[in-house]
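Shared between the two complexes below is chain A, which pairs with chain B and chain C, respectively.
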Partner chain A sequence: MPAKRNIRARKPAARKAPRPKLEEAAQWVGKPLPRKEEGRLVRGKGKFVDDYELPGMLHLWLVRSPYGHARVTHIDVSQAEAQPGVVCTLTGPEVAKLVRPFLEIGPEPGAKIVDYPMGVDKVRYQGEPVAAVVAETALAAADAAELVRVDYEPLPAVVDPEDALRDATLLHESAGTNVVWQGEFDYGDVDKAFQQAAHIVHIDRLHFHRFTSAPLEPNAVIAQWDPGEDFITFWCNNSFPAFAIQFLALALGIRIDQMRVQTYDIGGSFGIKITNYPYMALCALASRKAGGRPVKWIETRTDHMTASAHGNERVFRSTRVALDTSGRILAIESRHIDDCGAYPRYEPLGCIIWAQVLPGAYRFRNYRVRFTQVTTNKCPVGPNRGYSRMQHLWFLERVVDICAHALGIPADEMRRRNYIRADEFPYTTPNGCVYDSGDYARMLALAQERIGWDDWKEKQRRARAEGRLVGIGIGTTLDSGTNNFGQSRLLNPNAPFSGQSGVAIVKLGIDGNISVSLGSVPQGQGHETTSAQVVADVLNVTPELVSVRPGFDTERNAHTGHSGTYASQFAVTGLSAAHGAAQKLKAEMKRLAVFALNAKEDKLEFGMGAQGPEVRVRGSDKAIPYWGLANLVNVNNAVLPAKLQDVTLNCRYVYRPPFRLPDLKRKYGNLTLTYSAQLHIAVIEVDRDTYVPRILDYAVVDDCGRVVNPLIVEGQVHGATAHGIGAALLETCSYDENGNLRNATFSDYVPITSVNMPTLRTGHLESPSPFTFNGAKGMGEGGGAPLHAISAALQDALYAQGVIIDDSHNNASSLFHLLERTRAGRAAQIVRVESRAAAARR
Partner chain B sequence: MYPRPFRYHRAASIREAVSLLAELGEEAKLLAGGQSLIPLMKLRLASPHHLVDLNFIPDLSYVRPEDGLLRFGALTRHAEVEASPAAQQIPILHDCAAGIADVQVRNRGTLGGSLAEADPSGDWAPVLLTLPTEVVCVGPEGERTLPLAEFFVDAYTTVLRPAELIREVVVRRPPPGSGGAYLAVKRSAPVYATATAAVQLMLADRETCSEAGIALGAVGLTPIKAAEAEAALRGQRLTPDTITRAAEAASAACDPQPDGRGSAAYKRALVGALVKRAIALAARRARGEQVEVSHIYA
Partner chain C sequence: MPDEIPRVPIALRVNGKRYALEVEPRLLLVDFLRRELRLTGTHVGCDTTYCGACTVLLNGVSVKSCTALAVQADQSEVLTVEGLEQDGRLHPLQQAFADHHGLQCGYCTPGMLLSAYQLLAKSPNPSEAEMRKGIAGNTCRCTGYQNIFKAIRAAAAQMRGR
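Moving on to the complex of A and B:
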């Protein structure tokens, strides 16, 4: 309309820059902004622990056990201490005198386990530290460490979780058993469901293998224990510092405010750096012994693979599935044995965390499991990406596929019959979790469309006619985020934590700059970018004008007792906090502007002016820049009226999700706030001659509610997919019967690389969460969908040959043996179907 | 990386390298591309007291065609072979060079180093065993030339004497009507193969195999020359039956160890599959077809 344009043209000439009204302001949330942190990271200018060089810094080298299980009878450090450049040493028995054992989260029997940062009279996994050498250089320390004499008396090792259950060989004599925790979970009426079932499918044993995420940067710590102040400063890459400092304070006998923990750039954690606090303790002790000089420890790749943390291994025994005539699952009953390696550390939390997704994406209401966790002579586990839910969801997807094949129902149809329906959200699971939103059937349809399902079915038919082994598999997974620590009470009623929180400080600085400090520990998730997007939207500025402090810092940044980066939650806890703090700041700015501009509050608008951001009175020339408001508080404050005395422009906000404590008796309650979902479809061919499984096509559909930054979400989806494909086909921590890790280097472990990656056909669905301020859900972990999809595709490819995929890891050699065994008629009978109804198909 | 202490020596000539080795004795090691030696030193599995660096010796890195021969300097990088037009005329050499690990390794690692290392999983040895190849060695007593077939003794062990080094590798170019192919199964680019098969054929009339060289890698302590598999092809028409017989003979000839890459039984089966495919590819190339060959990555 020409008339409208004329009105605009008549605006005062001085105002050259476009002036968006509040309602029209750029919505930065939802834009695919490149990451703010890219500038330094891509150019190699990031700052990692190893980049810090402090005056007088010493280096620590660990002497580690070559045995999986052995008694330590004698340690002699005299020769090492005599080497040039060596300042001091530490040994297990010495450390045991200096610290208290780490806190055990669980109740007895696990609580009776004694966990020191070094093996004392015994070592329980290969690579467990037994002594440390501290020297002027890392090389001098490494050379001297070879001169530490340790006498071992090797003991029989237990590496299989089911063997561990028999307690024939004990890891922790103090506990009297290898069992860490055991519990029954029983929901609905399982027995009745089995009585009514048309089909009962028995699955003898399924196994989820042990692997790790192999972050590019291994663990790293610098600690300085200032003897004058009795204060410890840590530069580290621990990804859950609020948790670590509580463990460290108890062990070291200090208060948590006698410690400063800071992180800066981190080369990936995927959860496994949560449990690197024993090394933080060792560096602190070494620093104190060395008179307060800072002590640096950088883990080698081999040590990282051997002795940092691996993911949980789990065995699913004697599973029974009750189904009705049309293949609807009525009930599942099973026994799960989780293997946490030599020490529980973050465990037994994994014994409950799976229950966040107890029914997976499915509608069944009856579920019974006896869950047991055991220690074995293997590297302790850490909460590895997809932690505990991934293992459980893989189990459920195997159950669904095995039942589908057994009953002759197509895999997609089987899922459509069993998925929770879109109109059932928010959906309360049998154990009281509330799934916020989602539409699994639509995700499946979208993924089928992305991959060209019908086309592939036709191609598969033709390939099979040629004798080729082509399979198509679906993996449905959930990524539950923002956990309620109250669930720890289901393991240990006395656990002293519950709920969840996120914190942020948003500040308008003296010169008008907007700065944000967070309580998270970013390791590539782009927190600087997404929090800048959220704050920019509240304050109507561009994200470049919002500076976000990198890293975590108990002293300079905000933090709460939940602070860290874990459990797929930043989009909820971190961004809600940033949003809340920005709103608080905006409210203060408004009050100042009402006074400065002598205007009514509802006439004020925030936005970009010619000289930067300003608050102005709508429809007039009156405006005050943001720096002008800061000036009023910090520089020119005699003019301020008394009623504005409380304005600081430095606003801290703590976000707390609406959690309550679960009902301990019923093991019932809401354990997580949001539920992202991913649906993968893999098409795989197993080569008839080489047995190499090749991914022919791959589709990924994700739904993480409202997307804050599509680029970052896509990056997380790709990363999680790569981790999952790597785990499914390449990566496994392989131990021999003595507890020797057989593949501790990258040539043997073979982390996934780009040549192993298929091109991903991605698709998105947005089911906004009704429980978060912006509809977003956490999504970083991904839920391990490739493990589900690849197992399913392999089973689909080989089912006609009589093969059931019962392990989450499969490679050419293992597929060769699966096929050989069935060819020779020696296939293990792991699945049995009992059908009662006359209408039953089999 | 944190190796044990060592002393570094930079040789200016082959003669100096040899005399340094002779002088420093058993505790000295040559450093070529460092792609086998440095990882071992990093893990302290190898701890030479002295490193004699070959990298600054002039004219040790070349691919030189000469009267039906191709001469490779010992320090020629895998990447140089990959890019060399002369080497590309013998497709099996290109298959090998282009398929070794990743770009970083190919840019540093050398042909001489690969043969001297005698890693049971090394790629060059089986490939060069299918062609008439000689190794020119220089030691304190002077130079000697050995057929490659006599070069390997055991895993990581060659006939090289103390203070002796490889100066050059000489490959006889196959006559017209020849073709070869090299195939491996690798779990990812920067790791050694699970099994490999090198096949070099000559066809008399596009159908009948007049000469055959078959060698297997990563399935024994040394590369294995599969003589019975070769015999199964020689003088035969390349029918599916003949090819299967050769593949079976190759499977029987290998002696694999079980490890993280696969069980012995699997590797034996894999060798058969790879030999079968490599024969088919080699035959097509022998008939003048341009065929791209790539390893199989799991």
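Moving on to the complex of A and C:
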């Protein structure tokens, strides 16, 4: 057995570890630690896909449909192929021979949809690729792409989801209908609740608009299909690679282990990059056709806006709300039509994901909805930040807000009467989801305090006396995180997915350095930093001593079929995995130290010594540095006894949340593990002459359980707020009746900038989750609270004018039309109140 | 389309270093920096001069390098994000962005830093309105700008103190 002194003598020379005292190193979780990622990124040394130059690399340029709906009658690539520098081309019909259609997640009729990575005999949205040119340079490919001749026979387009329901124009003849999925959700006793209601509020139509979080880095792929090994390497920015490889393997007819997928720095995704796998397939096919040379494709912004992915659009039809005399909601009944664009891809998952937050923040127990999803001649949707829950929560907040106005109940009082109460957590929703913790009324009080509610009410009264249109609106939202894929069975009983998992590998390397590999695909969420905090706490070192591999790589084997970054879950799945792996490593280190130090396990402590981190025997000078333990296993293992031969110091841990399959018949079960909440209050003035809405004040309160890194959490809250404000007032994907996207550049789409982003008054509450190891909850998506709060504030500003805010996107032009419509008496039917005092008395 | 596109010689200084190259007349400045010089810190986000991820300083003035040709930078001085760090020390703006979490994905950051650099060169103690206007041509999709404001204020204070 090596003596302590010998081990120390072998210490590598260049070890510059900070030496904090043990107590200081004890708790890194919870500290506002600046991110490890910043160093490379502020220097411009991040590595994004377009930064890679590989030997022999070719460039792919796509020819895309200018039509929203058309038959492709002829494609001629001969002129393009004759251009200097052009290596090969691909066309839709050729691609259809080389691949199988992508898997459809849902059952029939959606399952009958045929989805290839290129339009074959038809194009179904503007920007759908029909051909590709591969050349030595991107410019040569772009030049030659202009010489590809495509003959189209334009078809009538269907862009409105309710029009699509009529099936007058069919997108997918193979399905025979535009309906992708439909189902009934019925909980409690809705009919009885309506019989007992004192008031019934009817809301004819509400509309959640289509927008995209538009990451600043467009989609990008480099693929190399090695012909010798029949092996594909992808450098890409797909944000859910475990999903992508399962889709790609089936489509390309290869095994998953014939692919390597790597990401490094990603310039934002917000869910949009989950569905860029069709482009991964095209680059792979192009590489194979080009003899195995790597092929790079970088999306242009216009192509990103027209043809990457948008968020789901949804129409809420014929809503009826039953309330008691005091304004407590008893039941809601409605019909929802979700528009997934031209191809379902990640859909129809959005048809169930909303049900994670079925009652929102509210106590009602009776709910019935007929949910239908349709295809339209628009860009396919992707799981955009706040995915599917945001749409539903906006609907509920409109319902609560409209009912409050209709019954003359103050907006804050209406919410307090209806919120789930703090003493009711963990709270089981009507459909079996379990809200872990929270205190919505306290969040409201805190937000009111931050904004200066009473003060604003007084200012509003004075402004109204002058005829000004000032409104104050509340938006309550939830960010459900760590989803149970078992919910997919509620859409398709045969779907082979359920549960959830996160993976991490924590390793003590040959030289004793601690490294972490994650199964996540960060795009700015600081996973390198927060996982280092967690591991540092377990191993009692500083986070600087924990190196976390940037990005994702299937070759690290730190992934399962769930791995990716989506669904507000890293704080739970990723950090639980990192925690579990670090604990496994610590247990192995202890076993080694018991042997090396000839000490009892309960006498060992982990901490910083003179030579860096060490395991020592409490109350003695016996210690072995971490590198000494690594030495024993990796390069000096002839000394190890048989009982330690299983120790690797390379510890992989898979975290699995305790999910079960939902009850398919009742559509009942726990669909997500944690529930973060945000409460926003917006004060808005609508200019009387120009109708320009202007934010006068804005407060944001968030509660995501125990905070792992306050700096990162605050950043996520700010970012989600900007996306929501942008979406509420600026950003919308506007299509004409032929399926032309009218605002396909940033100059037309106008993403929110520094001049129209208000200063935020922030507040924070911590309701630790009882379901996670450290009380943390996922929180990155945010839940779209600004959409709710801004709609409510505009409603408050304009209710006296008779206006009902029925759309999630409002700008000067739409507000002008809304007021005009109201003045012409055409808005009166949107909301109708039926009060039955007799029923209330019973 | 001609088979051979004639190349044009240009000579310029980028981050203090001299370069003399022949380029296609249509080559964008951003592609020149990224592909010819391999300075990949300057990013492309939108192609329409909106997002500012490609912002560099051309003779001390911020330009969107996706909307300038490389030939227009002939005989000029260009500063990119890679030129901000001096002698292994981060520029105060870089340090402040790191300290205040003024970035998330980091894709807009290089352009944002150069717009902020120009802003503080013109106005060492910018008002709130000046600061918002100074980076109005730079889109950030992650931070909601709040921490970028904090970082610029902190850097300005530090630079004034020097």
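Following the convention adopted for this analysis, the second predicted complex is superposed on the first by the 806 of 842 C-alpha atoms of A that agree within 3 Å, B and C clash if a C-alpha of one lies under 4 Å from a C-alpha of the other, contacts with A are read in each partner's own complex, and residues count from 1 in each chain.
The rule we apply is simple: a residue touches a chain if its C-beta (ideal position, glycine included) is under 8 Å from a C-beta of that chain, and two chains touch if they have at least 3 such contacts.
Computed from a predicted structure; not experimentally measured.
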With both structures placed on chain A, which of the two partners, chain B or chain C, ends up touching more residues of chain A?
C
Using the superposition on chain A described above, determine whether A:I712 touches chain B (first), chain C (second), both, or neither.
second
If we overlay the two complexes on their shared chain A, which of chain B and chain C does A:S747 touch? Say first, second, both or neither.
both
What is the contact status of A:G39 with respect to chain B (first) and chain C (second): first, second, both, or neither?
second
Mind working out whether A:L729 is in touch with chain B, chain C, both or neither, as first, second, both or neither?
first
Once chain A of both complexes is superposed, is A:T300 in touch with chain B (first), chain C (second), both, or neither?
both
Give one of first, second, both or neither to describe whether A:R660 is in contact with chain B, with chain C, with both, or with none.
neither
Quick one: is A:V755 in contact with chain B, with chain C, with both, or with neither? Answer first, second, both or neither.
both
Can A:K192 be said to touch chain B (first), chain C (second), both, or neither?
neither
First (chain B), second (chain C), both or neither: which does A:A812 touch?
first
Hey, what residues of chain A end up touching chain B and chain C alike?
139, 143, 300, 302, 745-747, 751, 753, 755
Looking at the complex, which residues from chain A come into contact with chain B?
138-139, 142-143, 146, 300, 302, 687, 689-693, 729-730, 734, 742-743, 745-748, 750-753, 755-756, 811-813, 816-817, 820
What residues of chain B sit close enough to touch chain A in their complex?
2, 4-5, 39, 43-44, 185, 187-192, 194, 259-263, 265-267, 269-270, 272-274, 276-277, 296-298
Using the touch definition up top, name the residues of chain A that touch chain C in the complex.
34-35, 37-46, 48, 50-51, 53, 83-84, 139, 143, 213-218, 265-268, 270, 298, 300-302, 523-526, 711-712, 714-715, 718-723, 745-747, 751, 753-755, 757, 759-760
For chain C, which residues count as touching chain A in their complex?
1, 3, 24, 26, 34-35, 38-51, 53, 80-82, 84-85, 90, 94-95, 97-99, 101, 103-110, 113, 131-133, 135-149
